[in-house]
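One structure is given below, represented as structure tokens, and several questions about it will come after.
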Amino acid sequence: MAVAATGTGARPARAGRRLSVPNWIGTVPFFGYVAIFLLWPTGIVVYDAFKNPAGNFTLSGLTALGNSQVRGYFIGSFKLSLISAVIGAVFGAILAYAIAAGNPDGMIRRLYLSVSGVLAQFGGVTLAFAFLVLIGPVGLLFHAGWYFNFPWGITLIYAYFQIPLMVLVFLPAIDGLKVQWREASESLGSSTWQYWRYVGAPLLMPAFLGALLLLFANALSAYATIQAWEDQVPYTVPQQIYNSMSSEVGLANINYADVLALGMVVLVAIVMTGYALLQRRAARWLR
Amino acid sequence: MRSPYKFALAGFAAAALLVAGCSSSSSGSSSGAAAVNWATESSAAGGGGMTALIAAAKAEGTLNVIALPPTWANYGTIISTFEKKYGIKINSALPDGSSQQEVDAIKSENGSPKAPDVVDVGLAVAAANTSLFAPYEVSTWSAIPAAQKESTGLWYEDYGGYMAVGYSSKFGTITSLNQLLSPQFKNDVALNGNPTSANAALNGVMMASLANGGSVSNIGPGVDFFAKLKKAGNFSPIQATGASIKAGTTPVVFDWDYLNLASYVGVSNWKVFIPQNAVLGGFYAQAINKNAPHPAAARLWEEFLYSQAADGGQNLWLEGGARPVEQPTMTSNGTINTAAASKLPAVTGTPVFLSPAQSTTAATYLATNWAKAVS
Amino acid sequence: MAAPAKRPVGMQARRRRRLNLFRYVVFTVFGLFIVLPLLAMARFSLEGAKLGTWSFTAYRQIASYNSSEGIPPLISAVEITLELAVITSSVMLVLVVPTMIWIRLRVQWLARTMEFLSLLPLTIPPIVLVVGLGPIYDKIQHLSLSALMLFWVYVILALPYAYRALAAGLSSIDATTLSEAARSLGASWFSVIVRVIVPNMWDAILNALLLTCALVLGEFTIAFFLLYVNLQVELYSISRNTPDAGVIFSTSFAALLFTFVLLLILSFARRRRRGLPRG
């Protein structure tokens, strides 16, 4: 296939005269939209994190982040998000592979895709209650003594939407594994294990890591489900944010809530840095 | 034209439209007030009497209320009675909201036609947010005890109840809290929310404190009681709701007596008891939004709620199992619904009430000690 | 190049058998995991006044719930939410797909930025986001009080999910080569994006659509705190307005079923796949 050797910068001669505008202009609608509806509200939240309830600028809110109770919330959030993300990613990948290996137009694929679509956004009171009725103290199925343990009880509940989310997000990547690569590797004498180890996994790794990151962030910000699961001990940051925002007993402190939210943003930024490093290593396999 | 430029232009156009739309006029709230500006009236008489108030409210046609669950203290009937009586439509937002969310909505919706006109909040929240309220004295102002209203009319208590323990009759009859420590209550005892943020739950722990030697300024014994409950394996960490009670997951609930009615809870075999000499009362308070989008309707609503008529707010609350603030006066002048009054649970001992300051002290103690006690 | 060595037929058949066994086991195990909680929910929604009895009351109450006006509020809530789903999906696709492709092809240094921004909505709990959105929605409410205005924030909420689905699809095709080939044949950038890259991403786009629609149909928190009425808020209202505790579950179950049927219908919009099935 003969590609015109023009390189990525030069444009074909027939395009004629026009303003030379930088390429990033094309991304302005997206970034503009995000600036208004995401960055501005985030900015307000971050700004309020630096104010105290009287409205004065202060750094003292940040010292709350050093408090051991607060550290406990962040550790709890991190633990739960990581564990439920890994479990969701691994089991979701298995399920996605099983779906992809079948008839692309078949009923099973459609069913599982639609179910995944519905359940990926399911959660909250009804989900927690369904599990409570199933394996809680008066469980229909049996009474799981560990149901109220953190993080395992709530991880099981989170898996219920993490796995479908993984399927939805990862399936296109598995679909992208061309049959020809498998055949080529087999014609060179590789076993199934070798195929996955040297061809399949490296190819899928960037998408897998991306999906893992999404699952992590998804679990991190989840609130309604864990609040319905139990609401006496705040294990995670969103629970504590809610407690302090809706306090009816005079302890409401929205600036404290904003500080916690700021902490969450920083946490994700840190996690994303780790993720970017991992991606760079994984991408080496691709080119 | 190249596609990236097309998109950029579209984006700028959209943004321009948005900005243009915003800079077009957005006047404040004034609606309906013809000659009288009800937003500044602090009594019905001042604006020309009840007839003028009713007319102005009807002209406004709508009332925004917030955080009023229909099955809580009979609010469903109260709302529909008001709507039918005056032909004013009520928009009931956020039925499960907390008191703090109500005042937050006042602040965040300020200037919007959807802002709440009136709020029904816990005392701590009312006392802390008087800058958001407009002073108003209902016609029956004198029937409200002085200790239960803010002197200039910024807030005034409306109804309340005593903290009680509701339980399924399968346990027989419970007469003291210590019975709850026995093994038959495994995983069964629940609060209505987290006491570090929910008013009902905090009062639940405080009531346990009173029953175990504490006082309104010391919630410690209450926390210790729940720690013991947790150790015995009897404490359930979920919030007691109609669903959890129906499913049998939380057959023992600490909650206000008007929320522990069999009819509210939705199960027929439900009993209630209030521990002897641990009678903790709690009242809520009404307030009108200073910048209410419908000021006349807001004031008419308050008049309705404090009216001593047979179908007025006070009696309707009583029918919902809550104790209306004008109950003493209405009992003596005969306007009280005696049948409903007799259905209230019996109490032994003098009721005590938490002041906002005591409530905050208790909450601060809980913030540091509750999670440790029950985890 | 020599012809690829022929594989013994027996080995291929055995691999197929192993694969099928694997698939059956996986589908059964996951099927159980998915179905059991749903059954528990359905059972509870059919619970009568006494534990252990059956009753359709909770479902009848959804159908019969009617506040004093004409159209049952549930119907108008469903309408609004469906319209929201369409608007949000359209804006999402038009905004995000071309941008992603453009960044991938021409402005790669912005890729990480877009990725971070796409993940940002998930780091801020909706409850806190509502606080930041207050001033913006105040301005929007001067333009229109309709709940359809929720789409502005729904696009942001769906962004993490849609972005990830689209990224997985985009990364699995060789966009650069495809675009260079098309360009060398004289295609404009518009054609490259719309007629070359997008058709190759169709599955990923469908998944992103599915995720966006499911999000809009299931969104509750932001609508609730901004005091709008959408499907979930209305269902919640109904469940709070009836004393039967089962109603929140019948409403939830009904909403799930409704969304499921909708998505199933949507899944038939997939283009017929060219090429061999997965092996």
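Going in written order, the chains are labelled A, B and C, and every chain counts its residues from 1.
We adopt the following convention: contacts are C-beta pairs under 8 Å (C-beta built on N, C-alpha and C of every residue); 3 or more make two chains touch, one makes a residue touch a chain.
Not measured: the values here are computed from a predicted model.
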- Message: Taking the touch definition from the header, please name the shape of the chain graph: line, ring, star, complete or other.
- Response: complete
- Query: Which chain's mean C-alpha position is the greatest distance from chain C's?
  - Reply: B
- Message: Of the pairs A-C and A-B, which shows more C-beta pairs in contact?
- Response: A-C
- Separation of the C-alpha centres, chain A versus chain B, in whole Å, is 37
- Between chain A and chain C, centroid-to-centroid distance (C-alpha), Å: 14
- Mind pulling the residue numbers of chain B that touch at least two other chains? 2-4, 7, 101, 104, 243, 247-248
- Query: Which residues of chain C are in contact with two or more other chains?
  - Reply: 44, 98-99, 102, 131, 248-249
- Item | Per-residue overlap in chain A, given as positions that touch at least 2 other chains | 23, 26-27, 29, 33, 36, 129, 133, 242, 245, 254
- Note on the structure: Seen from chain C, its contact residues with chain A in the complex are 4-5, 7, 15, 19, 22-23, 26-27, 30, 33-34, 36-38, 40-41, 43-44, 95-96, 98-99, 102-103, 106-107, 110, 112, 114-117, 119-129, 131-133, 135-136, 152-153, 155-156, 159-161, 164-165, 167-169, 171-173, 177, 180-181, 183-184, 186, 201, 203-204, 207, 210-211, 213-215, 217-221, 248-249, 252, 256, 259-260, 263-264, 266-268, 270, 272-273, 275-279
- Spell out the part of chain B that touches chain A in their complex, as residue ranges. 2-5, 7-8, 10-12, 14-15, 97-101, 104, 121-122, 124-125, 128, 186-188, 191, 193-199, 202, 235-239, 243-244, 247-249, 356, 359-360, 362-364, 367-368, 370-371, 374-375
- Message: Please output the residues of chain A touching chain C within their complex, sorted ascending.
- Response: 1-4, 6, 8, 12, 14, 23-24, 26-27, 29-31, 33-34, 36-45, 48, 91, 94-95, 98, 100-105, 108, 110-115, 117-122, 124-127, 129-131, 133-134, 140-141, 159-160, 163, 165, 168-177, 179, 182-184, 186-187, 189, 192, 206-207, 210-211, 213-214, 217-218, 220-221, 223-224, 238, 241-242, 245, 254, 257-258, 261, 264-265, 267-269, 272, 276
- Item | Touching residues (chain side chain A, partner chain B) in the complex | 18, 21, 23, 25-29, 32-33, 36, 69, 129, 132-133, 136-138, 148, 228-234, 242-252, 254
- Interface with chain C, chain B side, in the complex: residues 2-4, 6-7, 18, 21-22, 24, 26, 69-71, 76, 80, 83, 93-96, 101, 104-105, 108-114, 241-243, 245-248, 263-264, 266-268
